[in-house]
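I've put the structures underneath this note.
Same chain, two partners: chain A is paired with chain B first, then with chain C.
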Partner chain A sequence: MLEASANSGASPQTGIHQLIAADGTSVADGELDPFVADVDDAQLVRLYSDMVAIRRIDVEATALQRQGQLALWPPMLGQEASQVGSLRALGGDDFIFPTYRENGVAYLRGADLAGIMSTWRGSANTGWDPYKFNMATPQIIIGSQTLHATGYAMGLVLDGKETLSIAYLGDGATSQGDVHESMVFAASFQAPVIFFCQNNHWAISEPVGLQAHVPIAGRAPGYGIPSLRVDGNDVLAVLAATRWAAARARSGGGPSFIEAVTYRMGAHTTADDPTRYRGVTELEEWGAKDPIARVKALLQGRGKLDDDAEAAVARRADAVAAELREGTINLPDPAPLSVFDNVYTTEHAILDRQRDHYERYLAGFAPTDGTTLEGSRS
Partner chain B sequence: MITEFRLPDLGEGLTESEIVSWHVAVGDRVELNQVIGEVETAKAVVELPSPYAGTVTAITHEPGTTVEVGEVIIAFEVPGQGQDAPAADQPADEAPAKRVPTLVGYGAEPESSKRPVRRTRQFAPAGAAAPAAAPTGVPAAAPAGAPAVAVADAQARVQADRPRSTPPVRKLARDMGIDLAALTGSGDHGLITRQDVVTFAGGQEKGAEGAAEAPASTTGTAAARDRTDTSREVRTPIKGVRKFTAAAMVQSAFTAPHVTEFLTVDVTAGMEFLAKLRAAREFADVKLTPLTLAARAVCLGIARQPSLNSHWDGAANEIVTKNYVNLGIAAATPRGLVVPNIKDAQQLGLHGLAAALGELAATARAGKTQPADLAGGTFSITNIGVFGIDAGTPILNPGEAGILALGAVRNTPWEYQGTVALRQVMTLSLSFDHRLVDGEQGSRFLADVGAVMSDPAMALALC
Partner chain C sequence: MSRLTLTQAINAGLRKAMEDDPKVVLMGEDIGTLGGVFRVTDGLMKDFGSHRVIDTPLAESAIIGTAVGLAYRGFRPVCEIQFDGFIYPGFDQIVSQVAKLHMRTHGQVRMPLTIRVPFGGGIGSPEHHSESPEAYFVHTSGLRVISASNPQDAYTLLRQAIACDDPVMFFEPKRRYHAKGEVDLDADLTRAPAMGASRVVHAGTDVTLVTYGPLVATALDAAKAAADDGISLEVVDLRSLSPLDYGPIEESVRRTGRVVITHEASETLGLGAEVAAGITERCFNYLEAAPVRVTGFDIPYPPSKLEKHHLPDLDRMLDGVDRALGRPNSLSGLEG
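Our next item is the complex of A and B:
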């Protein structure tokens, strides 16, 4: 293994910022501590509850895919701290540009669970209204959402807004030209954008060490963008780092880059078999750095997670799972013509013609009314 | 109510999966999302979480079976669900209209009463006038009722539609002036393929040729003369051994990827050895030739490289390695090429092989080779040396993994003990099926055979 992937979330001396060690003990970090000074135990319980809930979403969605109710699902198992910590650092006006794996972020942002699943079931192109939640729809194209986020942030400057945009990306995306261009533009225009890179160690089957011989966070300074490398399995460290980046953006400090070092415990998607490429000890190694277990240990150590609190967390997760299952199974099949909706905001001549053609094509499918077959080939 | 679970597409466009194991049995109670079994797709082995909480009432596919996506694999008694529902054995789609969740990957459940039916299109025959006079398309309605006729209905619609083909083939047909409606497709579901069009065009041409013949015979064209003048061409019906040989060779050449290797060896010592044996009383009753020695060398070589004696069983998806050698010998007979084989040749010594070869040759020459003698061969030798030929690229006898061609033994200037001497040299040509035999095994085998041919004492080292 190369250095970039050998860095573990439990060893701060490797240059990874951390606030909660894998065994649940608190770690001091001079740079991050000020950003989470206000986070009390009650808030930590909420972060814990968020992580448990989105892990449950992942488990339930994976099962639904195996049961034929979803076409595909990209597991987020193991990345709960990165998703929760980053999202909880944002304001409601900040605009999120996610990848396809930020389904936990979408749920925490308020998107309807069935809506989120509609995309993965193939019954809708869009799972939620981007402007209602200030969160763009999942981007399947690797890395292109960084362009959108940068452009949006440049617009915020022109509009004189004090909000920011955040682009989620993975370690694999950092090899994309789009990401390079985004970072060049973001630095050139000092755009208020956060590049939040979840280094989950695998770009499908390609290990991060192959495309990043030095830590990914080390690339950003080359663009003139300050960066932080944090333990992506430490929800508090992720929260602090994202608040650091957000504070910079809001105060005219320009773009920031965060590398959250985490691990994809599941498959790339349900159509992938990670056992074909993953090292045999990796799951064990990273399982010991579980993001949820460490917060639980921390809270229990402080006596802040009693049975009642645990039961409440479990009840929320159960309710989420039930709502997700019920909502997914009962998603209506879309009307064929709805494929033309939400393409352009205004009238579009070519699209109108296509709609007209398709309408007439569909009209060719006559309803069965008992008449006999006539007029075959002349 | 009994609820069936159909195998979903587990990995973006898969059509089937193999049941690896069941973790539950009929009668077991299962919880929602409890792992009930494992299936292997082309992409991964995945666990199946139970889609229901209830009791398993049926498991329809055993582990090891491959199941098409959409087939029922397990059924559950789900308590509290649809108690007033019709009897379980009634087809689901005859049940009162009720929303059936669409399982992703194999489309919507057919709804007999609402299924859209495509309107029949009208096509004018090629070259006909504009279709203005053609009757307007009447919407073709599906036969009323039963979903059981869905398939037939679909076929009927296909037939009523324009001929099924692909755009490039349609263009080809148009360019050639062929109306696709006149063709019967040989592809899937009657799809008209490029080959169909070409074949059809060929038939038309032949027809045209035939039609042209009558006037041709009066004008005396070369073509017509060719057909009738037997002094320039002889047309022999393809049948019997020739037809069989042709089919076997075509099948072999186009299914087994052939590799041929050559080895030229100094067989002087081997020929001297044979000469010595010929003088021995024990061998007085048999004929000893290089083929005899090669037969023994092949048996020894196969013992060391069994893959040369294996068979590709595509249907069973298995490689069959034979522990016996039925050694085929290509024989030219008045009826044509036959390849009778010596059963269990590995058990025979040089004398036994010589005797068997003599008998086999006599039987073949007499045209009395029995079908049983031709069946079950595992490896073949062809002795092209008797025709004065040095080397060739023999085609495998179908079902076998290797064939060795023996070249002629020639007096050739050859390196011998540091100088050039006149030695007896022959070339061995080995073809093998590269699906079964890698270059390494083939090469080692050929080297072993060559070693025995050049120095029969090497046989002692190969055992």
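Our next item is the complex of A and C:
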């Protein structure tokens, strides 16, 4: 009988590189330690602060969605270490190809918070200039961006550059043909690309075991791509693994694959109801592996997170929340005729005619509130 | 008769088809335990088992491609593509394999797939969740293409689609998923209107308004509004986009002499272009005015804050009606 079996072999909680255990104790790892030997307590506090800040983005955005200020929000709760650790391993010239869930990465990269939210409010398809932040727009088509990252990296080789690209993807994406093809191309052309896979255990309602019968990191060597499987809730392990992959890319070593084993503590998006498909036991189990709590415990154990430091972290998170809320609520609605903008780089007879006709049509309704119809016609 | 939402009617149609034929299997992302992101398949995995309601890995090409293999083996796969904008990874399998295998094998292999696609906008979604890709499939010979506009049609057309030995693209107007209507769950399929038949859903005398899927409800509202203005609209629901059934449209246009075609999809090479050409060929001597198209613009689907400007609404339809009637309209004074 044909039964799709959700195989638990996809995500055994063994064979995972770790530097900070869930209880906040340090763990030695011969492979990863050299890549974070320079990370002192002050840097660890900054990573902690980053995680607290992006968790606050998540809380605030979820609230704004409930209040009708956002159309939708994809929570990143529980995945803060994966987003912070990977981003902080990159240089400013390295180019990022994110999914729709990497909103913490976008903030840390410098994108304007209201801009990030404009996509989730429905005001714009993208909230930042990809070339300003060396970060592509959030990808919604599952896995598509892995090809883009690979092609960008091929371009870096052609241009003789020593930077790299990184594709963020999820466990579900690894089932897509595009991801397979991107890994083939990356290996064939020894492209300096990092495949950063956050295995958060769920693709909407489908458990990772439906996508893979062995740990996802185990696939990459079959393409000739070295891989690491790390605790995705351990910011230091993620930082180290991404630095390992980045060092390989910069030294002509080609592509690398990282499986960051984490957990989507929230819903797929605010439109999803996870109580229909997963139990509380799993949530409790992963709640006990919280990425932020363990760094806090580690720092406190060392006496490196006093009240002043905690207050500074909280002030930053408060400021982020205030900026996000204020900016989002005040985002202007796009002008009606901007629907015609940027479809082409230059004039297009048919579309220009449609625009003119629609402008005439709207004029018949004579707006009385002083709003403008104008898009930014080129 | 039962009063059902569109989703409940489709659910009932799937259930009936699975009861009637053990070779019917459902495939898709999140259709099992979750019951689909729109709950269309709610409860079916529990009742029919995970061997017939198959939660697949995330790969649309594989959903369609493995359905081809299952069809080779004698199954009748019903594939759900989660959102319209997610269909393109499966496009190659649909166009190069599903549509062509019957002809390629001299009729020896049949591809009785049904590919269900929630389509269209108006629900405030992010990019790739509001598209109207039906014309790509109408343009692909070898596929039949259906779009239901109400619960009764959805129930009947879906059963007909699954029973059909040709591959059928089944477009579901997702913004009407919660609309309710009376459904005769025990209706005899052989006595139902043919799957390929279009239908007059509102009788009128002045202008023929042709549409399908999500805009049928809007067109009916437009007919009511026009009546207040003394204009009588006849509304035709195409139901089948391939093949097109010109019978009721022709009959209508010969009486009205004026036709407006409206859909959410872009104008260029959309269904409106095809219907306008077909009607002009068939009814040229009866036309009092050029056929009018009221459609989405030739743009990628806009951010949701702008979708109301892209989607034809009641006012834009009535503006098109005015054009067909030669009354003052937004294009008065222009040639086209």
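Convention: the second predicted complex is superposed on the first by the 326 of 378 C-alpha atoms of A that agree within 3 Å, B and C clash if a C-alpha of one lies under 4 Å from a C-alpha of the other, contacts with A are read in each partner's own complex, and residues count from 1 in each chain.
The rule is simple: a contact is a pair of C-beta atoms (placed from the backbone, for glycine too) under 8 Å apart; a residue touches a chain by one contact, two chains touch by 3 or more.
In this text, all values refer to a predicted model and were calculated from it rather than measured experimentally.
Colleague: Now for A:Tyr358: first (chain B), second (chain C), both, or neither, which partner does it touch?
Modeller: second
Colleague: Just chain B (first), just chain C (second), both, or neither: which does A:Gln211 touch?
Modeller: Once the two structures are laid over each other on A, A:Gln211 reaches chain C alone.
Colleague: Would you check which partner chain A:Ala124 touches, where first means chain B only, second means chain C only, and both and neither mean what they say?
Modeller: After superposition on chain A, A:Ala124 lies in contact with chain C alone.
Colleague: Is A:Asp333 touching the first partner chain B, the second partner chain C, both, or neither of them?
Modeller: both
Colleague: Looking at the overlay, what does A:Thr281 touch: chain B (first), chain C (second), both, or neither?
Modeller: The answer is neither, since A:Thr281 touches no partner chain.
Colleague: Is A:Thr346 contacted by the first partner chain B, the second partner chain C, both or neither?
Modeller: neither
Colleague: Using the touch definition from the top, say if A:Gly68 reaches chain B (first), chain C (second), both or neither.
Modeller: first
Colleague: Per the contact definition in the header, classify A:Thr270: touching chain B only (first), chain C only (second), both, or neither.
Modeller: So A:Thr270 only meets chain B here.
Colleague: Between chain B and chain C, which residues of chain A are contacted by each of them?
Modeller: Overlap of chain B and chain C footprints on chain A: residues 71-72, 121-122, 271-272, 276, 333, 364.
Colleague: Name, in rising order, each residue of chain A that touches chain C in their complex.
Modeller: So the residues of chain A in touch with chain C come to 1-4, 71-72, 100, 119-125, 140-143, 172-173, 175-178, 203-206, 210-211, 271-272, 276-277, 333-334, 336, 338-340, 343, 350-351, 353-355, 357-358, 360-361, 364.
Colleague: Which of the residues in chain A come into contact with chain B in the complex?
Modeller: It comes out as residues 59-60, 62-63, 65-72, 121-122, 267, 269-273, 275-276, 329-330, 333, 362, 364-378.
Colleague: Chain A touches which residues of chain C in the complex?
Modeller: 29-30, 32-35, 37, 50-51, 54-59, 61-62, 85-86, 88-89, 124-129, 267-268, 297-300, 302-306, 309-310, 316, 319, 330-331, 334, 336
Colleague: Sort out for me which residues of chain B touch chain A in the complex.
Modeller: 5-12, 33, 43-49, 51, 99, 101-105, 108, 112-120, 122-124, 131, 134-144, 156, 159-162, 181
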